[in-house]
Amino acid sequence: MDLRYSKSDEEFRVELRGWLEQEVPKHGVSPDQNDWEGRVEYDTSWQRKLFDAGFAGINWPKEFGGREASVSEQLVYYEEYARARAPYVGVNFVGLLHGGPTLMVEGSDEQRAAHIPKIIRGEEVWCQGFSEPTAGSDLAALKTRAERDGDDYVVNGHKIWTSYAQVSQFCELLVRTDPDAKKHGGISWLVMPMDLPGIEIRPLPTLQGDSDFSEVFLEDVRVPIANRVGKENDGWRVTNVTLRFERGTAFASEMYRLQERLAQLKQVAKSITRWDASAWEDKALRREVGHFQAELDSLWSMVKLSVAQSGETGVPGLGASAVKLYYTELTQKVLEVYMRVIGRAALARVTIDDLPNEEVLDKALNSLSLSIAAGSSQIQRNIISERILGFPKDR
Amino acid sequence: MDFRLSEDQEALKQGIRSFCEGRISIDQLRELESKPGAFDRALWGEIAEMGIFGLRLPEDRGGVELNVADAVLVFEELGRAIAPGPLIWTHLAAGLVEGADLGDTVVGGLDMTGPSTELIMLEHLESIDTLLLLKPDGIERIDPKAIDATPVEIPLDPFTPVHHAKSLPAGERIADAETAKEWRLVGTALASAQLLGIAESTLEAATDYAKKREQFGRIIGSFQAIKHILADCFVRQEAARAAAYAAGATLDYPEVGNVERAVSAAKVVAGDAAMKNARASIQVHGGMGYTWEVPAHYFLKRVWVLENVFGTIDEHSDQLAELVGATA
Amino acid sequence: MDLRYSKSDEEFRVELRGWLEQEVPKHGVSPDQNDWEGRVEYDTSWQRKLFDAGFAGINWPKEFGGREASVSEQLVYYEEYARARAPYVGVNFVGLLHGGPTLMVEGSDEQRAAHIPKIIRGEEVWCQGFSEPTAGSDLAALKTRAERDGDDYVVNGHKIWTSYAQVSQFCELLVRTDPDAKKHGGISWLVMPMDLPGIEIRPLPTLQGDSDFSEVFLEDVRVPIANRVGKENDGWRVTNVTLRFERGTAFASEMYRLQERLAQLKQVAKSITRWDASAWEDKALRREVGHFQAELDSLWSMVKLSVAQSGETGVPGLGASAVKLYYTELTQKVLEVYMRVIGRAALARVTIDDLPNEEVLDKALNSLSLSIAAGSSQIQRNIISERILGFPKDR
Amino acid sequence: MDFRLSEDQEALKQGIRSFCEGRISIDQLRELESKPGAFDRALWGEIAEMGIFGLRLPEDRGGVELNVADAVLVFEELGRAIAPGPLIWTHLAAGLVEGADLGDTVVGGLDMTGPSTELIMLEHLESIDTLLLLKPDGIERIDPKAIDATPVEIPLDPFTPVHHAKSLPAGERIADAETAKEWRLVGTALASAQLLGIAESTLEAATDYAKKREQFGRIIGSFQAIKHILADCFVRQEAARAAAYAAGATLDYPEVGNVERAVSAAKVVAGDAAMKNARASIQVHGGMGYTWEVPAHYFLKRVWVLENVFGTIDEHSDQLAELVGATA
């Protein structure tokens, strides 16, 4: 139980901070949400810069081009990354946080060689083909069929919530290869090239008005059998490896950045006049904000504990569900209060009069997804109560 | 004393609901969304024909001669449907601003009795014919075209376009402090009624969805996790209903209680209910709730707008603290 | 939707207020929780005074000795009763709010004649024999057996949460008369005299340290068949009539009294010095208290609506579950804040230095039972979601 | 940096847990409840023998020479067991007050750095040999027998008897402001650790009960309503754990963060967790949770006591508001 960073950790911090201070401003502002070409360029070129500087794949093994940083270096990385307001992982999310790690653990040598080096260099964008209209929380109910025909699987189905589908080269795709097996038993995990015939992409605008998500319709798409990762019908196990990453430290920098957002809220409150005093003079607001600070510090300590626990195996533990629930509720509460501080000016989703409306409202709207995506809060509570507390499954 | 709705009130409510279902459905709102200012004068005229603006005017002045309590029921229905436009202001202005009751004059407004801020946010500026300023010492009228205001490119609520301004030109005083005070109270009650309506329709939408949507081989509404979220929504809805109706009934007959207290209580409780139910509705809709296509988000966005008119939950709570221990 | 009291309502208010102002102080302070003799005398003699003055059984029909007050007069009654801090119904609870009303609706003429006049005069104390150790939320799972033997039922079983068992003359008892019938089908409702042989009472101290609840052990207790209310095996329906009363207006005066408690909290906060100012100077506290006032006013409006709706049938509607949930949460929140206002002085459960510790702590501890007793909050949410919102029953 | 417990720390924790299970079980607490002052000097001696008071003293002074982080683990276990007595004060006093470390001198205390109140509440007064006053400018010692205090007939927590007094006699200064400041921080961290322990044991008791108790033909722990209540308890427990451990680790090595912020965060988050989990535990226990017999209530009562030592949640939140934006 030692929170001291070692001398080498601190040296790493100095090195990383120096690099970020120099590179982040140079990389400029992220393009408009609907400028897909710009976004891909912005996100992937940043990934390439990280790679060239030796900061890509911070927790990836060296053999895959990663930094293989120690647990404490990873924490330094998340902290400094957040502090520098460095670019969000963006279109590289699925490759770096799902596809790549899954291939490392479950892929063949050929599959690893074909994708991992490109993913970590930002040369390959991946998307996720897991959920379906009737398989959301109940992911294992997925219906997309893959039937063997020669060296291919012929895939038919309908995926949804596919982020960055329109700019991806590959899709981590879950398909049903044995329709007669029990629900969890007949699923396989495929790498689907997105340029195959029969793939149709329809954007599904979010309540923020962006088109980050798509529906993906698959009609007789021929995916080579060689693109299967893991054994046939063993895809559910492979998937569970993947999913845990989402509940682990995928959002660590975002969690740390909440600290900054709270500090910004305080500054904004000080700058706003209400009833002839600053909004920060309102003691009720201060008490809420102080309470949030306690929770934010605890959240970051939870991450430290979670990272340390997953350090040995590299796979986040079940406690990751607790981190996700805590982060979700806290983010929603902080942003709700932030909206209240901005008050009537929050009727505008663009920044006016030096108020950070655009950012705050985007985050407030986005925060609604946190309790839904990557396992809803209800699913997380089921995971905790069943797998940690030992209660029976729902019947 | 009988707190239930009278038969006439039930009929009034039903009439407005039918009108909203026929003319302000979600599909019709979607069409409106693409129009300039998200405003439709023809629809506004139909709303006027329903008697919504002239509701409390005497019959001999072309009104329906009803009470605030009745107006609360009407605005509850308008809230359910998230009917757009400066409905409360035009309703308040009926009888004072010519043509408001008939829908010929679209009246917008700004409540300036609350905490001062440097930034002035004006709703529906491009659609209104008259802007009224509600100040502690009276009501002033301004020509909207005379205002130096910047349109906001992306409003939070797609149906509530806003402009922002640094200052406003001098207005013409058209009513005294007493009227201003009454307007503020009635406006607060009607905003609370709209929030109540949103608390209802968000619960209703989530309930309908939870009865249809299947996961794990059963409807999600068969899971206690969902059932209990929505049971809590129902409790909040009923508390909001009681509070909003009480505000209306107390405004009509101030001898039954403390008007300020009843009105503030309504804004607080209906505001909380609408905010929490709108969020719960998105949550129960799952991924679909996060899309633009499913209308759940429109309701939450409207709640944020209504939270910021006629005093926030915090402001009303602060006022209520002063009234604790006073005679109800 | 008219909240105006009529002239006759107001006359009733004047009459009642005058009487309460005169009688409540004369009736003195309620005895110690463990002075059972004193409590029975205090509670029943007060009931007799109410009866003699024409204020007993406010919503009972005149034919049963009640006042048969209109809906609005009932509200006046609850308000004035709370304002006057008139004695809690106490040991008369079960008779007045369960037993009596059930006999009115379901009892035979003989049963009514035997009990109702005594109940309303405070001459008969009743207790409730519904719950069992293994039948709590799942009341219909009760196992206490009643077997016919001549003119009697021979009853064997074990009841729990029986309030005032040690001072009651009669018990409303649920028994299983058909062990082979489906769960809800074989239950009967009996009036059991508490002086029969075979009844053993063991007090079950609460977390407040009082012994208001008991366990009741029944061994070969012979209850005359004539004491059954309603048909044999129809007791579940009879019971449901009874239970609704608990969720209805049984606690109406308590609800109104919360207003007074909040006003008292404000006075106490003004009297306490913290950091050289009164605790009421704390704006964060004021905002919370103001918010509570909004909720309390709404609660009372909910009661007005609920009473009006139940006025026609006399039986509270399903909305009563919403009232109970709202009341429960609000009471617990208000008392939690009240404890915080008292601060370190709350380490004492007796009144010191003019602080109302004893009352506040008793209420705070007691409030823990509100979300458990008379249908837990979980059960109430099930009732609302199933019977009002139309969701399926748990499976 | 490795935030996990070391093997030594795991062993320390396990040792204290075994001791508590053997000597401070619920049944043993029940016996203690009837003793005067709910205090047992023999038990106190055994606690001392476990090294709990001398934990942070150097070995050459008979101590165990461990850190605050280790003490946090020890007090977490004491909290789990709701071990009674002035544990934190005697632990703090070890090394300063003779005999404290060995359990020969029972040391009580009063934190006077918080908001002033007219009423002085003194815990365990009849059982202690020395009373220490923690003031902003130093620590003072008083002879408990010299205090004019009135015993409280019924304390909130049966294991925390209290006296109240209007004033205290002059004390003898035994440590300076620096020490007082450190004591306040360490004391807050240890109280947070106890609250963490209560957040754990209340969850554990409720979980065990929910796995045994059947209603509707199944264990109540198979209902989502219960499962999700307890899942939320688990989340709060883990947040409290992270916060309390971080407070200990930061006190040991202040270079890793802001000590004041870490300690206040621990008190706030562990305090909330304990309060909510203790309430949830009573709720899950149903009617039995409302009895004296089932120990759930002891835990909630202790939470109320601990909320009122070394600063309340509100006080620490207010302090944290000042630190928002400061370097962590």
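Each chain carries a letter (A, B, C and D) given by its place in the written order, and its residues are counted from 1.
FYI, a residue touches a chain if its C-beta (ideal position, glycine included) is under 8 Å from a C-beta of that chain, and two chains touch if they have at least 3 such contacts.
Keep in mind that what you see is a predicted model, and the values were worked out from it rather than measured.
Counting C-beta pairs in contact, the pair that comes out ahead of the other among A-B and A-D is A-D.
Averaging Cα atoms per chain gives one point for each, and the point farthest from that of subunit D is the centre of B.
If you average the Cα atoms of subunit A and of subunit B, the two centres end up 37 Å apart. Computed centre separation for the pair subunit A/subunit C is 52 angstrom, with centres defined by C-alpha atoms. Look at where the CA atoms of subunit A average out and do the same for subunit D: the two points lie 39 Å apart. Inter-chain centre distance (subunit B to subunit D, centres taken as mean C-alpha positions): 50 Å. Shared contact sites, meaning residues of subunit B that touch two or more other chains, fall at 223-226, 228, 314. The set of subunit A residues touching two or more other chains comprises 282-284, 286-288, 378, 381-382, 394-395.
Those residues of subunit B that touch subunit C in the shared complex are 1-6, 9, 69, 73, 207, 210-211, 219, 221-222, 224, 226-228, 230-232, 234-235, 238-243, 245-246, 248-250, 253, 255-257, 261-262, 264-266, 268-269, 313-314, 316-325, 328. If you check the complex, the residues on subunit D that touch subunit C are 115-119, 121, 123, 150, 152-157, 160, 162, 164, 214-217, 220, 223, 225-226, 279, 282-283, 286-287, 289-293, 296-297, 300, 304-305, 307-308, 312, 314.
Considering their complex, residues 131, 134, 136-138, 141, 160-161, 204-207, 209, 213, 272-276, 282, 284, 332, 339-340, 343-350, 352-353, 355, 361, 365, 368-369, 371-373, 376-378, 381-382, 394 of subunit C touch subunit D. Interface residues of subunit B facing subunit D in the complex, by the touch rule stated above, are 223-225, 228. Touching subunit D in their complex are the following residues of subunit A: 1-6, 9, 71-72, 75, 259, 262-263, 266-267, 283, 286-291, 293-295, 297-302, 304-305, 307-309, 311, 319, 322-323, 325-326, 378, 380-382, 384-386, 388-392, 394-395.
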